[in-house]
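Take a look at the structures below.
You will see two complexes here that share chain A, one where it goes with chain B and one where it goes with chain C.
Up next is the complex of A and B:
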């Protein structure tokens, strides 16, 4: 009996259970549409977790993560279609490319604080979208890029690929926030002047946070491109459908919490699909209503509010 | 000489907050910095640690020019300050706050935690190590400022009114703690309005009034100086 008690009290239990459910899900969900929804939830969990590292843990709210998403999508597909680089390597290059452009972007944008940072990074996303749109010789411009053979061929394999990448991102976030890097990120979020007095080069650490966040966002951009097999500048650099949606996922789920992105992703995907079935294309309206509801009733997001009531159930 | 301050000046629009101040700090001593409200004491700390850039003057720490230093660089060189208006990292626990300080010289989380625990024991805050810093009383927050600064393993520690707002028992504890910090081999510059306390702990005292140094000497000499009594005690004590 005590053994069972130990297992039940283990704080890794929710994570282990979730992992098990995720592993057997395709065996249960025979329906392609449900599998598609599961893939979307993974996609948004991973994107939310990437954004959360910078926005939630480091306190730097970005409205322009589409710049890294689009960069990742384009880098991997262009390397593949133009130079024949494998799509697997493309995932890695997508992350590296996004991480590298994060350096100058961070260097410039982190001179600004608060809302000015949030918006200036959005400007970079728009600039990159325009470059891709007009540099037709390389990027095909508005025509976009069509992928004939995706990285894996079946939906089930795609689900597992997405699951592995999402799990890696969550594990890395969990690893980072428990170490010096994570302590420094949170210190910067809580009080920048205090952080500096304690020897933290705040701009440098914000750039580190942005680089990690951008790396994963770039990888997810590449995975997304593989999943849809088609990208154009309007889709992958979309401020509304990518950048703001990432913010929404995290704010809904619980900013700066570990499980927030997953909870937020489930909510957003469900609401999105539900509203599409009921009201055709009213998703923007629904998003708006959701944000208002969260701000009014759950200012800390679903997980943040639960945490208040249940104490240490979810660890930060 | 650990710290040498020469002609230190800071002018804001329409106000010279610090005006050609000179003083030195010897290794191992406790220097008291006193003066009426708005005299420029906190501004001096801001200047020493890179939060403000001096309008004129020089600061040498261990012979190194500090006039263009940034706050994190000052800390890493061994010069750490606390804030008069406390700045706890509110969503971290007391222990985690102190660990952030420890990471200044230690990269490994386990070792940083060991040092943080040792510091909390030293400052008498071990009992509340798992409390969120945001939930502490003012007295505990003031002490947390000190614990966290100690964790950066400074050579020179600048304490800005760590006794303000404390009751007499807490003040007595704070005095004991400062003496213990000195025994640890750390040099201190202490800003304090609590006269009895600052007189009892300081080896020397520097008195600032309207941005200028008006007197420097041992506690007894400062207490009996007519200029100080008029400018400082006269103005400030009369109010209380």
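Up next is the complex of A and C:
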């Protein structure tokens, strides 16, 4: 009996249960549409978790992560269509490219703090979009890139691929924030001057955080490109549909929490699809109004508000 | 290089820049006091433009006269948004990004409301003077653009007097400098923030009305001008009213130069290049840290 109680009290129980549910989900959900929703939730969870490392744990709120998302999507598809690099390696190269471009962007943008930083990075997303749009010889410009053969052929296998990558990202983010590197990040978030006084090179560690975050965002950009099989500069460098949506997912779920991105992703995908089914023409209007209402009444996000009641289940 | 083309380019850049400056003025004012970037700024501009459009097509009101409607309307909208949507977040001590997201959500609602009401079509108002020009030697200047520029300067002057000479303006400056000291001096912070947001929205509403005779309006126009306003705000130095004008003129000239000498398509990219250069070499903006 005591053993059973130990298992119930184990703080990893929710994560294990969730992983099991996620594994059997495609066996239960025969409907393609529901599977599509599950894939979207995984996509946004992973994007939210990558953003959360920088925005939630390092305190550097970025409104321009679409620059890494688009970079990843374009690098992997261009390498595949122009040079014949395999899409599996493309996933890796997408992450590396996004990580590399994060260094100069971080070097420039981290001269600014708070809201100045948040939006200066947004400008880089626009710059890269304009470059991709006009450098037609390489990127095909506004025509976009069409992918003939995706990385995996069925929706179910894509779901499992997405599940594995998302799980890796969640675990790595959780691993990082529980280690020395993560404590440096959190110290920078809580008090930058104090962190610097304690001997942390704040700019360097902020760039490390941005690089890790950008790596995962780039990988997800590449996976997204594989999933939709078509990208153009307006889709992948979209400030509203990618960069701000990433912030939204984390803020709705709970910024700086482990479960926040997942909860936020479920909320955003459900609200988005629900309003599309119910209010055809006015769907984005309703979606925007719901965003306003949720931010108004849940300032700490769903997880942040729940945490006050059930602290042990939602460990940071 | 043909000198007259150069002068022509600079002239139209400066005139357009005045309008950019007025658009950014509201954003920089709101930033100075509230420390947030209003991502619904371009949508306020859109409302101002549609107000002029409706008044012109339905009642035949001259676009320049409709400023007496658009400014009070945007002032009221701004006050309502600050009072009922942003104030609760400040009271709940929510982090700044929540407020920025809130303005983004408001922008989304406004854009899509406009989409439902007006359809995605592009609208223009065609007045008798829309294409009028004045010529000085080889240089020709669009008359509506020239009037816009002069009115922009007039509005900026009025704002300057309001900020510098009135009690409310004095309080706004105090809140922008140090919010805690301002509160200790007995200034009603909430009231000042509400007024500031209203004034910021009214300014961009005026800019929308002035833009209508020379530009077209469509529901998604907001995003374009929110970005431009943000670039101008950073160029000039955030929270600086003089900086907004300097930044506006800089962006206007750079864009026109790019359109004339490089390519029409890349003129928007040049704005961002200047933006990045300023971030690298003068992060506090062209004018520096001085406020107002």
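Please note the rule applied: the second predicted complex is superposed on the first by the 305 of 316 C-alpha atoms of A that agree within 3 Å, B and C clash if a C-alpha of one lies under 4 Å from a C-alpha of the other, contacts with A are read in each partner's own complex, and residues count from 1 in each chain.
The rule is short, and it goes like this: a contact is a pair of C-beta atoms (placed from the backbone, for glycine too) under 8 Å apart; a residue touches a chain by one contact, two chains touch by 3 or more.
Just so it is clear, the model here is predicted, and its values are computed rather than measured.
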Residues of chain A touched: more by chain B or chain C?
C
Would you check which partner chain A:17 touches, where first means chain B only, second means chain C only, and both and neither mean what they say?
neither
Could you say whether A:183 touches chain B, chain C, both of them, or neither, answering first, second, both or neither?
first
Contacts for A:164 in the overlay, against chain B (first) and chain C (second): which applies, first, second, both or neither?
neither
Which of the two partners, first being chain B and second being chain C, lies in contact with A:103: first, second, both, or neither?
neither
If we overlay the two complexes on their shared chain A, which of chain B and chain C does A:191 touch? Say first, second, both or neither.
first
Does the superposition put A:240 against chain B (first), chain C (second), both, or neither?
second
Touching A:131, do we find chain B (first), chain C (second), both, or neither?
second
Which holds for A:146: it touches chain B only (first), chain C only (second), both, or neither?
neither
Find the residues of chain A that appear in the contact set with chain B and again in the contact set with chain C.
none
Help me check something: in the complex, which residues belonging to chain B touch chain A?
49, 51, 70-72, 75-76, 80-83, 87-92, 96, 99-101, 103-104, 107-109, 112, 148-149, 152
Sites on chain C touched by chain A in the complex
31, 35-37, 39, 85, 88-89, 92-98, 100-102, 104-109, 112-113, 115-116, 223, 227, 230-231, 234, 238, 265-266, 268-269, 272-273, 275-276, 279-280, 283
Help me check something: in the complex, which residues belonging to chain A touch chain B?
178-180, 183-184, 186-187, 189-191, 193-202, 256, 316
Residues on chain A engaged by chain C in the complex (per definition of touch)
55, 61, 63, 108-109, 111-112, 114-116, 118-120, 122-124, 126-127, 130-131, 134, 239-240, 244, 247-248, 251, 255, 281-282, 284-285, 287-289, 291-292, 295-296, 299-300
